[in-house]
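Structures for review follow.
Across the two complexes that follow, subunit A remains constant while its partner is subunit B and subsequently subunit C.
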Partner chain A sequence: MNYGALVFLGAFVAVSLSWFGMVLSPQVQLGRQTQGTNSVNTAELYPVQRPGLAREGLEVYRANGCVYCHSQQVRQSGTAVNVILTDAGTNAAAAADALMKSRAGVTDANAVGLSAGLPKAILTDVDVDRARAAVEALTSAGAKAEIEIVPVGTDIAWNWGIRRSVAHDYLYDSPVLLGSLRVGPDLANVGARLPDANWHYRHLYAPRSVVEGSAMPAYPYLFERRPIQGQPSPDAIESKDGFEIVPTSEARALVAYLLSLRADVPLFESPVSVEPPPQETADTNSAAGTNVVSPQASASAQ
Partner chain B sequence: MDPSLLNAPEADEMEPKKDVVPVWLIVLMVMLLYWGAVYFDRQGGWFSPQVYAPYRNLEEVRAYQPGGGAGDLFELGRSVYGQTCVACHQANGLGVAGQFPPLADSEWVNEPEPGRLIRIVLAGLQGPMTVKGQQYGAATMTPFAPILSDQQIAAVLTYVRQNADWGNKAPAVTPEQVAAVREKIANRSQPFTAPELLSISPAE
Partner chain C sequence: MNAPGSTKATPLHGIASDAIDASCRMPLFVLFGVAALWLAASSVFGLIASIKFHSPTFLSEAGWLTYGRVYPAAKSMFLYGFALPAALGTTLWIFARIGKVGAAQPFFIAAGGALWNLGVLAGVIGIFAGHSTGFENMEMPRYAAVLLFFGFLLIGIWTLVTLHERRDRRLGVTQWFLLAALFWFPWIYSTAQLLLVVWPARGTAQAVIHWWFSANFTVLWCGLAGLGVVFYFIEHVAGRPLHNSPLAVFALWTSLLFVSWTGIPAGAPVPAWIPTLSTIAGVVSVVPLIALAMVLVPTLRATDVPPSAGGEITSHRSAWCRLTSTVPGRLVASGLVAFLVAWVVQLICAIPSVNGFVQFTWFTYALSQLNLYAFLALTLFGAIYLIAPRVAGMDWPWPKVVRLHFWLAVIGIALIVLPLAAGGLLQASKFASKASHPELSFVTVANGTLHFLRISSIGEVLLLLGHVLLAGNLLTLMARCARARLAAAYESAVAEVRTAEVKP
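Right after this comes the complex of A and B.
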């Protein structure tokens, strides 16, 4: 018997079903993502196109195979909900009363306890409905409270990111360098947790000079050893015996790319509470402090 | 030779025995299919691009947004504005001269009662109108009654009316106010015109 038509039909159905499942449905689901203003606490646009040097750096990242040991995706296993009381209001006793009568499940609130040491968490790691009930009760009693959202998970505990990665984070990446192995740490948010370019140069040139026991290979060919002529270069990572080691344009591009990797904007689809944007004075302080790598930041680079 | 054997069918030409699929298997398949559909409905987020694990559906993502009681509506409004209104009225709320009127510092937006604004968003607006002394009307506003929920309309109006960056300072709009107006103009199919809106008391 001739089964040709049946075989053809079977193959056709198998190919078209996988096309629907693996090409069309992701396109329908995620294909229309655009740059948005839907970050929760700020009105800034997210994500932004990487600057030109950082886009060159992406090519250096690909060429050197960084993606074989580094992923760029932060995972999240759950979410902790806290209720932060910022203002007990004029009548703390009424607020305590309202809190106890609400569905929040609070049985031991009192006026003195509520009004001392604000702002503070009055409920930690509760069900989100209970948290909403508590905030509603406190607001109706004239107090001010807000819900704090804290993503939890191993990656977040390792300080690799503050929230999970979502499709929006990769809007301008081509190709998306998600990575699948984690010989090294995740880099989805490396620009925010290690913001010092000099640290990155030293780390690329000699990883174990800044991170003890690092398994990363050194990339000395991204640097140039040259005699000091006149003034020493301001960005030399080392100078000795009339020679200095300076990053090549490839190293500069790669570091610009690494610093542009940040996923610390709260998005609707990945909610997280963040500190309000720093004031002017705080800005200058943090700018002056960028050359100092905190012990915690170096430890998290492991 | 037995003559009856001559008439008997040969072994390889015998009709195959027809197996009937047992009823219990069909019932099991239907139950599994039903369970799968219910599971998908609850956990799948209906392919929404905004639902990621550990959240299961859009309501849950919304419930987990940080912030305070009244601040919530404002922040929800910011995202609704960013998805819906920004194309015409612009991110800075200044609109486009001659076509899309400004929302920033507009006397229509800052009316103490939101009745007219809710009507504009629900049923749309066409024809000339004057905002801040300038003529607009080259474009028609879309009716959003079928697109946005009461909560979303209340949120976006609250965002627009309380946006200090735009110089607006008017009371918030509640979902109940939107629901009340929606009921009153349920039979309406035409967009409003500016003179018609001005003939309606904003408190209604």
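Right after this comes the complex of A and C.
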């Protein structure tokens, strides 16, 4: 045991093994990932490169260390299978009957209950077999039902995303900043949750002015104070005494990046049944799809 | 503190310890002295970062003082400014002492230390300027990494040569661990630097490589370096042979094999086999942990003393008592306790459900502080307090301050780790209860951790005080040593001139 070379060789073998396993193989597998038409509901290509301004924003995000307080990674503990009745058919009583006779385990279905307030979930969080049995029974009785798969988990309960994050979501980012500590909320989907650029400007300038009791640091240095020339700028967050406070180009890039953070396209590897929001580019900050809460609502809900 | 003259190590063959210590003087003064300054600076910035939690507008006007730059700068100063150079200096001295040989090329090692510190300076300035790589634990930008690389090369090569030239050919467990640590760091750091910064990997392969690096650095490297020092203290300071050396070597190999695969969290957005393998590796890491416990516990409990020179048994104290009879030993012993706790907790956290529960909370931060500070930093403090007076050839200017630093460090780190672990668990349980309590707001959960953070800020103040004491003591020691040597050199020069005058 008196040879230093032995330690060298042994350690080298160990580091090489772990290198092959944890560095090379992931790199080979993930490096092969490409854009593809693998989103569930559409034939759109996914992922798409972030627009240029948003890519600059990632640099601002990196330089200012947002990653020490924010993760960008939605976890999911599993999925729940629901059965949604969309149409009770012409004979709701027969449908209720068929449902009760099936292996779906429903014991209290009745015609009135089935036909009210459609579409609705008649079974929630059941296993796939029971859901299939229910759908078959209902279909054979002339009703229409479908199976819905909903991702569940703490992060999804927090409204941080509608499905788990997958490798594809980060394909075009560099550096990939997943974060390790949640002093602030997860930002993987912040663009969908808070689609209003002006909200972000005000929040970055003075977090407590929009979120009461916020512990997020203020970023006044990403803004400049300048005299108003003619018309006040449309994105001035404050103007008084002939001066206005406007975002610098860094703040603009950062907010463009934040708005581009929306990993909500349903994928085969992580299906969601929720309708995907209308496709839009990240630097337009128009109100997003219907499944997105308004910034005010979500800010107060936080 | 033992005065350097009182070291009883009598060389079997090879040169005297005093001469060995003297050969290490220049490199160790550079490595330890600047490390102590970085450490003090690190805790100043760490404190600034932690005040920001209580007052979000505190020092927010200037970009370079924003939380996201101050915090990584402080951590880099700790890891690269303090921990690595202190560990390297300790390794050099231990190799020289055990090998009974002087440091090879002290000048080049000192130059390497200077280059390394230049790299740290460039890196820290880079982080303040917004050039961080964005990857935690390796934020220092590329230009700094180049300096670090060459600095490490100079130090590492001559440290290896020192080991190679050892007169006592035996190679003990202490050396095995330190040698593995010496190899490990450059391998993982250059891999991560190349694949994350120079030719960045694609997508989440970056995240995997980064997790891999972080675990290999903050858990494995830190464990190897710290345990090396622990074994040195047990074997050579407390003077107890290890209960079972082959088992310790087995622990070394198994930790290299298993711990090096850990670090990828269970729910990571990467192909499932990667976190699965990592989880398995994390659970199997129980093997080296048990092996280490089976070496350390009996060794430290053993009370029999091999007959000393006179043949009679001089004391019945256990090795643990012996180890903790001096302040440096007490620091190392506290570090060892922290190590065992940290590794047990890490093991528990490898279980996917636990991992998912505590992930992203202050608990994981507390755990990493337990590893990096309570274990590694305390152990290195012990090493510095043991080594510096020996290489300086004089006792500490304020020996009582050493004891004071011990208490500040132990209480300070306890005030950081315990509240944050508790706060983290509370945070985790609140995060998890969202599904059943939809009305729970994020700000409530986040602000619920603030009390814990406040206590930890007090801990940071204590650590800062301790670091100032260490730096003051060490720099004064170095200055006194330099002055004494200058005076001696002057004396002898004068004496020479006198004899020269007398002659003609």
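General remarks:
Simple rule for what comes next: the second predicted complex is superposed on the first by the 250 of 302 C-alpha atoms of A that agree within 3 Å, B and C clash if a C-alpha of one lies under 4 Å from a C-alpha of the other, contacts with A are read in each partner's own complex, and residues count from 1 in each chain.
We take it that contacts are C-beta pairs under 8 Å (C-beta built on N, C-alpha and C of every residue); 3 or more make two chains touch, one makes a residue touch a chain.
Every value quoted in this text rests on a predicted model; they were computed, and no experiment measured them.
Look at subunit A after the overlay: subunit B and subunit C fit there side by side.
Legend: residue contacts after superposition of the two complexes on their common chain; A:Ala80 is shown touching neither subunit B nor subunit C.
In the superposition on chain A, A:Gln29 makes contact with both subunit B and subunit C. Of the two partner chains placed around the shared chain by superposition, subunit C is the only one that A:Val211 touches, whereas subunit B remains out of contact.
Touch criterion not met for A:Leu9: it reaches neither subunit B nor subunit C. Shared-chain residue A:Arg164: touches subunit B and subunit C both. With both complexes placed on chain A, subunit A has more residues touched by C than by the other of subunit B and subunit C. For the pair subunit B and subunit C, the least inter-chain C-alpha distance in the overlaid model is 5 Å.
The residues of subunit A shared by its contacts with subunit B and with subunit C are 29-30, 33, 76-77, 164, 166-167.
Subunit A meets subunit B in the complex at residues 25, 28-30, 32-33, 36-38, 40-41, 43, 76-79, 81, 128-129, 132, 135-136, 138-139, 144-149, 164, 166-167, 266, 268-273. Of all residues in subunit B, those touching subunit A in their complex are 47-55, 60-61, 63-71, 75, 78-79, 81-83, 86, 91, 165. Chain contact summary for the complex, subunit A toward subunit C: residues 1-4, 7-8, 10-12, 14-15, 17-19, 21-23, 26-27, 29-31, 33, 62-69, 71, 73, 75-77, 152, 154, 157-158, 164-185, 207-208, 211-222, 301-302. Across the interface of their complex, subunit A is touched by residues 52-53, 56-57, 60-63, 66-69, 71-72, 130-136, 160, 163-164, 169-171, 175-176, 179-180, 183-184, 187-188, 191, 195-196, 200-209, 212, 216, 249, 253, 256-257, 260-261, 263-264, 267-271, 274, 277-278, 356, 359-362, 364-365, 431-432, 434-435, 438, 441-443, 446-447, 450 of subunit C.
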